[in-house]
Amino acid sequence: MHLPTPPERSFASDNAAGAHPDVIAALIEANTGHALAYGDDRWTRECSGLFHDLFGAGETFLTFTGTGGNILGLMAMLRPVDAVVCAAGSHINADEAGSAERILGAKLIDLPTRDGKLRPDQVRELDWMLGNEHHAQPAVVSITQSTELGTVYTAAEVAALSDAAHSLGMRVHMDGARVSNATAALGGTVDALRSFTVDAGVDVLTFGGTKNGMVGGEAVVFLDASLARRARYLRKTITQLPSKMRFVAAQFIALLTDDLWMRTALHSNAMAARLFEGVRDLPGVDVSAPEVNSLFPSLPADVIDVLRDWSFFWDWDVAKHQVRWMTAWDTSDDDVARFVDGVTSATHSFAPGELTN
Amino acid sequence: MHLPTPPERSFASDNAAGAHPDVIAALIEANTGHALAYGDDRWTRECSGLFHDLFGAGETFLTFTGTGGNILGLMAMLRPVDAVVCAAGSHINADEAGSAERILGAKLIDLPTRDGKLRPDQVRELDWMLGNEHHAQPAVVSITQSTELGTVYTAAEVAALSDAAHSLGMRVHMDGARVSNATAALGGTVDALRSFTVDAGVDVLTFGGTKNGMVGGEAVVFLDASLARRARYLRKTITQLPSKMRFVAAQFIALLTDDLWMRTALHSNAMAARLFEGVRDLPGVDVSAPEVNSLFPSLPADVIDVLRDWSFFWDWDVAKHQVRWMTAWDTSDDDVARFVDGVTSATHSFAPGELTN
Amino acid sequence: MHLPTPPERSFASDNAAGAHPDVIAALIEANTGHALAYGDDRWTRECSGLFHDLFGAGETFLTFTGTGGNILGLMAMLRPVDAVVCAAGSHINADEAGSAERILGAKLIDLPTRDGKLRPDQVRELDWMLGNEHHAQPAVVSITQSTELGTVYTAAEVAALSDAAHSLGMRVHMDGARVSNATAALGGTVDALRSFTVDAGVDVLTFGGTKNGMVGGEAVVFLDASLARRARYLRKTITQLPSKMRFVAAQFIALLTDDLWMRTALHSNAMAARLFEGVRDLPGVDVSAPEVNSLFPSLPADVIDVLRDWSFFWDWDVAKHQVRWMTAWDTSDDDVARFVDGVTSATHSFAPGELTN
Amino acid sequence: MHLPTPPERSFASDNAAGAHPDVIAALIEANTGHALAYGDDRWTRECSGLFHDLFGAGETFLTFTGTGGNILGLMAMLRPVDAVVCAAGSHINADEAGSAERILGAKLIDLPTRDGKLRPDQVRELDWMLGNEHHAQPAVVSITQSTELGTVYTAAEVAALSDAAHSLGMRVHMDGARVSNATAALGGTVDALRSFTVDAGVDVLTFGGTKNGMVGGEAVVFLDASLARRARYLRKTITQLPSKMRFVAAQFIALLTDDLWMRTALHSNAMAARLFEGVRDLPGVDVSAPEVNSLFPSLPADVIDVLRDWSFFWDWDVAKHQVRWMTAWDTSDDDVARFVDGVTSATHSFAPGELTN
């Protein structure tokens, strides 16, 4: 079988992409003389101000990793014996190697979902645990926006979850590793961002930078600033205090300047939509329209093998022959066109009878 | 009192310095297209190879922070109920906000020292705890090289400590946040580095990058590679797995190329020596010759206040009017000259009678 | 409605029962002069020997509580980042208030079951997690025998689970808070006990004493004695080292003498079977035959309320009007007869039309 | 050398003693029919009331072990990154196998003392750590009463420590494993007990039962009842929730009835005083007058060996030939007389020239 030249950039993950030129430029600009470590510098102060402006509220702490950001945000809300309610497929439960249990000492109550999204009834049903000394006490609902399955909570859905949580005395954490993509999906405005975060009752948000064009860095936005009182101690304890913090702050300044964060997200979402259009009708391809920057198509096993050798991507559910294709801030029209060409060639090369699905 | 123009770069800390131009260039070079995340990239592989060549042994894992590196290294050696033996003033005990206790769940047995350096007898004296079920079990000796007090263990001293530790079944960890400066002090060669690490029986070394001209990044070198078997799980759990790892690896590649790490360290050590020469005989200044890149002078309180307003630095021991002056990879001759001028002016402006020491 | 005199002993729980007279006698006998603390006494030595004889293998450590025993057993098998696989309804997951997460720092991978029993396929399906640095590593399968739902694993079922676990490099823990009742159900012999524990590949067993007629105490039997090497340190660390250990050991000596543990379990199982016979055909009562000493009947809500006011018992699943009736070592024929009388009266007093089910 | 018949009860430890007859009688009395588990029983309620009467304040939670009691009390006061200030020789630091670090995740700031007693200045000197994000935050001062060295804080000393702690926003925990002996030493009245606990600003007290004639059990008295709000969850999580709690409560009821706890403590203190009188002037014996129920004599090494073979006791400081002799609630006049005879014989048998001190 003949496949075209593979795309310059793979569809493996948005964290396989490099850094946006503006981010690199900001790093270079920040590399000017001396600045006190641990955040006592002008870049960190400017970054804090920009986040406050973005949400009209809150206090922000920078970390290096998303796991670190999630742990910091959760730790600020948890007392001993408290538990975190989350989706079974959530990153904190499935992809952070037990950080929550190890560092927080907290139980994760992981609930099944069909689409990665928790429902308010699932929170309310935990009511019986409260006050029961034999059970860890549900104290925080943690949701991911956009979810690990590429779905997006509407503002109303988040608000309903927050209401359910708050009415039981629980707090709400949002893992926003891809909050930019969710914002792009929900209107692509600052108002959209606020509608499903601060306005929807989210207490603490992890605002992702790495997957959206940064070299590395995340921001924990304590939308309820009272929760930030001890955050700087916690950040140090969990190993996430950046020494030369200006270099993380400068990257975020670049991202928050002229809405770069949203433009990159709108672009990567658009590239996913274009990819969907190119492959949706191909024989043997079963794929839903993307809400953000990821597709989860099912394909014949042989096609998967051939395509992956040609341009790498990850499995999602091996049993279902389902894979994940993900766009990034730097995915180009040409990348999409070449990848569609490749998928087209591969799917047509296998006569239906040959397929082992 | 008239003080000259302050130095362009302060003597506050080596982590107040920015990044070396070669490091920035390496970041830019690494920002090329897509590369798989979490270390499955050519930069990380090259970096691992360079570390292996440097020590002639070992397996290396990159982290973002020094605390993270120390926790990773220690975690790989500790079983439940194990304790870490360290100096009271060690970074893991005094400056990591209880990370070891929180994340490792381990007791730190912190021992007094006069110069930041543990002695073999202090290790051997813990013998009685071994096998006593009422006491946490000493399992790792952790030393800092160079120490938090700017002193340096000789290779023989490290070897003697390792022998004491190993003879009791304990392991040796070296916090090498400034291992480059120590190497510079002990000869400034790769052989010197090896002499007090791999050749002296150190099992795990945290090799510092941030304080030596990087944007941010540390390397945990498992000199006994058998200890690295589960390191990648541990790194993820403690929140220290870099997503776009190529950007940490590229910085280390720059540092390890043409001995940049040693040249920068030789330079900052030399600047400290020059600063010492410039201030050692000033009235009211009590200071010892630096072994690496830090001085710990005692000065009259009024002089401290005036100087700090002019060019910031940190207190070390307020009760003793002792402060810390630290040079960095980018400290220039001019910075030293100006700082010496300032100290000279300040010390001479206060007649002895005026001084409140 | 007229209800008869309630039973002298309720059917609330086997831990509502007191201590067997032989256990009290043993306490009195052990209260003789001085004996060194922490297990260096003749009772503890005798107790260890009796457990070794019982299983023909292993090393035993005494604790005060079942949760403590489970934590000790698991801790001996877990390394950092390891996870424990268990049933969602298991005591360690649902009734130990997050002890495992807090003290072990370990993730519990809690799997759904219809009858409280894990299946080998559920273990084998976790294969994909092994070696994935983003996920906690399944390392121990923990099962409860008899289960929290009153079901019993056959020896073959345990062996199949052990095989699945061991083939993946995992260990097997059995929470035997009611292992005596399970033994009674599976034949009521020492051979039966061995068949589903040591012979079936269980590595560590928590052997319950409290629910089976003791004042308080549990035994952790390391059937694979190599796992006990550091158990005495672990026990102290988790706060479970009994000071005057002779008093825990003496109780177990009583239990292990002349098969008291099995006689009490056979009795309580028999009382549950008798209770089942008495209520199975009553109108509105939906109940399965007990395998051990607990029944989980569904009853009309009004009947539940009336009966509970008369003789207390616990809800099991409120939504299903399901309750739990449990017998104990001291439940008498008369207790059962009176309780059956009460249930009979209550169910007949409510005409079907009146029932709110 | 000829030694007399050894004493019936050794001077090894108060936890080598058995249980007081009244305690056993209370266990037997409590073994009556069924009672709900986990503290919902009349004995636990009565016990809580007795403790409230004793202190005129507070809320009490029962545990099995002293380590468990200490962990529970401390956990109720600690937030993440908080540290506990304690004496280097304190039980929580030196004899609890790292429980605090493992279960609480907290750093212990262990300070040197000459007599086991912390001083207010030592607390005040930690002021600099507060607000420093690089250091664990001192939050609780934990003292032992009577101390591990057999010394006793006066009420004024405790009050001064509490003032120092509270003025810095810290709390005060008292490990009262031998609080009864301290009370006996300070007057032997309930007023004496209150004077150095609730009246002196102690927030949480661990009230020891095991070493004072119980089979096993400790009470955590939250003198500031607001700290008890989540205590029952914490107790379960740390594995210290007694299932058949009536049996722990009943023992305390016996101890608190007719001041048994104080009578036993007065007796054991008196026995230590009598022992001191018998040995103070013997050749080669260097011993201070006991404040409570322990002596720490230094003796010639050969004498130690001979005596220990004859009637066991523990070393205290091998380098100083110092041992510990401890009386208990059941030490008899005859035990003391025989032990004095033995020490007398042993010390006289060694001519000074023979002694290897």
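Residue numbering begins at 1 within each chain, and the chains themselves are lettered A, B, C and D in the order written.
Assume contacts are C-beta pairs under 8 Å (C-beta built on N, C-alpha and C of every residue); 3 or more make two chains touch, one makes a residue touch a chain.
This is a predicted model, so every value here is computed, not measured.
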With chain centres set to the mean of the C-alpha atoms, which chain is at the far end from chain A? D
More C-beta contacts across A-B or across A-D? A-B
Averaging only over C-alpha atoms, locate the centres of chain B and chain D and give their separation in whole Å. 42
Whole-Å distance, C-alpha centre of chain A to that of chain B, is 34
Between chain A and chain D, what distance separates the C-alpha centroids? Give it in angstrom. 52
For chain C, jot down the residues that touch at least 2 other chains. 80-81, 96-98, 102-103, 105, 133-134, 136, 233, 236-237, 241
Note: in the complex, chain A contacts chain D through residues 38, 75, 79-81, 105, 133-134, 136-137, 230, 232-237, 241
Note: in the complex, chain C contacts chain A through residues 80-81, 83, 94-98, 101-103, 105-108, 110, 128, 133-136, 318
Chain A touches which residues of chain B in the complex? 8-10, 12-13, 15-19, 24, 27-28, 30-37, 64-68, 71, 96-99, 102-103, 210-211, 215-216, 233, 236-244, 247-248, 312, 328
